[in-house]
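Here the chain labels run A, B, C and D in written order, and each chain numbers its own residues starting at 1.
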């Protein structure tokens, strides 16, 4: 007797009648039971998005064989994964540790299924934090174009070597080259320390203070070569008042950055984030 | 050529494999296209819940005929309705008008699909508000057991006469008899002026003040004979501090009451609220 | 024997030692008891801000005489008012009624101390809403430069005639001339249907949808000739997801607009809003 | 030339006219400049509460001498401290590390001014976390009345030896004896894993699930011998839906517990928490 596996299946294709019937038929054929199902038809792009969780004792090959005619017929982009499988993740950091600490703590606490072969940084400050969580850490200075190129080549090497599925920019304070952005398209997440489309450029908290805003926030988004314009995954805000100076806004904002980034990574790891042009579909 | 109708279909039955396939097959048979689909399997009760929105040019009878074999086989409780059809609603009030005002304003603004044949009250205070919105209004004093019985009989008469689907207790300050609760089971919603399971009994805001709570809230729930213990539909809270006296907590709390009740009514009207024992499934 | 009056006193001046002692001394001299006190020293501008509530049986002239030496010495901008006095307010609207409805409802419910001699509009749609609340209403078309000039002159005439303290732009869809902005400087509040500094220009909700934002919001700010760049008074946001189209974002956003504008007006009426350059001090 | 010190002064006494003048006079006498001031008169108890931040180059003894006549005359409970001085804190834990991790991380990040001579636990699980942050850690089993007595005596010994100002129960899963509660009255803070006055007793998240609540939360409160009825310091909630089982509610709730407890400790360390009978005054 085989054990039951809990699968996650995501499907994206042009929207047409009959998709749900075809998909559910294939799942029944693989002796699967649908335990969660979410779908969305985008009026903007005409695309159809679906995420299912399925209990089945069938093997992966049996499941895939049952799905193949459907994914072929509808020209679907599909992904079949096992619930809870750790996501192979590379984290890039600089000096600020709040986002990294939150990611590592939650991974250890069993709240975030990540496999972290390496943390890379352009500074050595966070080495001891990584060491405490037994995660390898590499620091390489990035102060010249040559060093930047070398750093980015090392990133790609690590992505290749460890078959990395997600690169997380956890307050990595360097702008990625267009080439690296392109190479990591759809699998790199950045945390922006502002409530986009809010204050951009340097020191958004200082701008927020000058403008006297009453809420500050953070935005997690996919990395694209168009700086801070990548598809938004998650946003949070917190209330502030006139008594907070710019440095206090930084401290308050960091909490929002941590929880917003961690949430985005968690959803990505659970295949809840799908791209619809410049927008994201989030199946929470 | 027939016009396309947007249908809402809700289904509740014991959870078994193959339900989704069977349902989607029936929908395809009725030339329907699923535009929204949500489902939930309750680990607590073993029940399966589904809500679909379907575009179809088929007539109601064709659609129902296609569904019948499936709803029979799985012994489903099913409901087929048209998106946006106004819900026949009876509102009960006393003296406080904040909830009634919000309901009436949103109905007129096109944000809440309700058909309101009558507002009933045990006081005459809110008659002019109802008049402004052209809704008939009846006030009957309820100061004796006989008057209470008469009032409740009138409620049942109105429910019967207008085929009322939902009775909303919009700060109606009388406890319904167990008989009326039973008669309206699953189709009466109350707003409780506290964050249940918080302060119960009289004057929860005074209790909240005495206890120095930092958040106050409101709870919309189905009416059951077990006072304030009916299944919860929606809850909201708002932050308060030590400087608020009990009367200010009342004013602050009223906003939460209004928006919480309106939200619950809106979800109910859209068939997004399903009962799972003592809990609600909310397909938002 | 004289009755006790509850006073609000606001003071703004350059920050110097000894201010609090001098002020509290003057209050004691007027037999006053300080029941609320808030202060703030702006590191940005070097200005000092104070708001007090004082119980005193002294007459206004006695109180002012006691304060005069202090306000003179520190060259203070001071204002002495009575708690709860209705603010003489002119509301400008166009077609959308959600903000006006909220203001009028709360005024009647006793939650907002306003005296409303007139509502002015460039459309007649909201006349019946104003009529229900017994507030005079004037509609004048604004489709030519001449009509715009006439409308604005009528605004200034009403401001003059009724000694208006605050002009509220409750979704008034016309840009005010620089001359009118200047004339109403510091006493006109607008509600912007976006979370500033977010999407500006036409149809921010459509922009928000295109960008796939996860939170939408509203901003109440003082009117300045620099469109939508006036000092921010209050902001609120609400969570949305990918399933909302632009028209749903509008409906959701309107709730935030109403409550944000009403909150800003309430604080202004209670003398809780003070200007510090391009920022506001809010003594909540 | 002496350097300027930033002082925090808190004052509690029966409410009477002239207090603010007297206090500000004493501060001027000590060449102090008031940079922050908050006050509250409790209508419930007739008590007056004040918190000031003062810049002064005066020595502590000079400052105290200037204040003495005022604190004597009004029989004030007063406290004079230096802004940012680390609070001598003892943390008690059991097995769950989320609250301890948050406290330690923020202390190191400079966001929480604490001096932690020791973490005590009835389990050894969190020893390595304490070690990473270089904080001494003691584990003593508490499985018998004798062991419980010994543990509590050790607590009092540590409190005595290190002049501990605050004992934090960071998910310490033992009920303190009435004697220890009394000994630590007003200087022990507990985090309750529910939104009080919500679900009490064992496993509140399971109760919350059974009841189908839509919001779960956490409450930080002072420890009293009346279990979970101590004065509330801070509360937070987060939205959940029907799809969350009890174990997910636990994980979600832990974030609220961490941030609620840390916030309460931070306010306490900054002398922003004052007791008014069964309620707290929080000068945020």
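Throughout what follows, a residue touches a chain if its C-beta (ideal position, glycine included) is under 8 Å from a C-beta of that chain, and two chains touch if they have at least 3 such contacts.
Listed by chain with UniProt protein names: A, B, C, D = Formyltetrahydrofolate deformylase.
Computed from a prediction, not measured in an experiment: that's the story for all the values here.
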Per Cα centroids, the chain farthest from chain D: B
Length of the line joining the C-alpha centres of chain A and chain B, rounded to whole Å: 37
Centre-of-Cα separation between chain C and chain A, whole angstrom: 42
Sites on chain D at which at least two other chains make contact: 36, 40, 243
Chain-level touch network, classified as line, ring, star, complete or other: complete
Chain B partner contacts - residues on chain A that touch it in the complex: 17-21, 24-25, 27-28, 31-41
Residues of chain C defined as touching chain A within the complex: 40, 43-44, 195-199, 210-215, 217, 231-237, 241-243, 245, 276, 278-282, 284
Residues of chain A touching chain D in the complex: 36, 97-98, 101, 105, 109, 111, 132, 243, 251, 255, 259
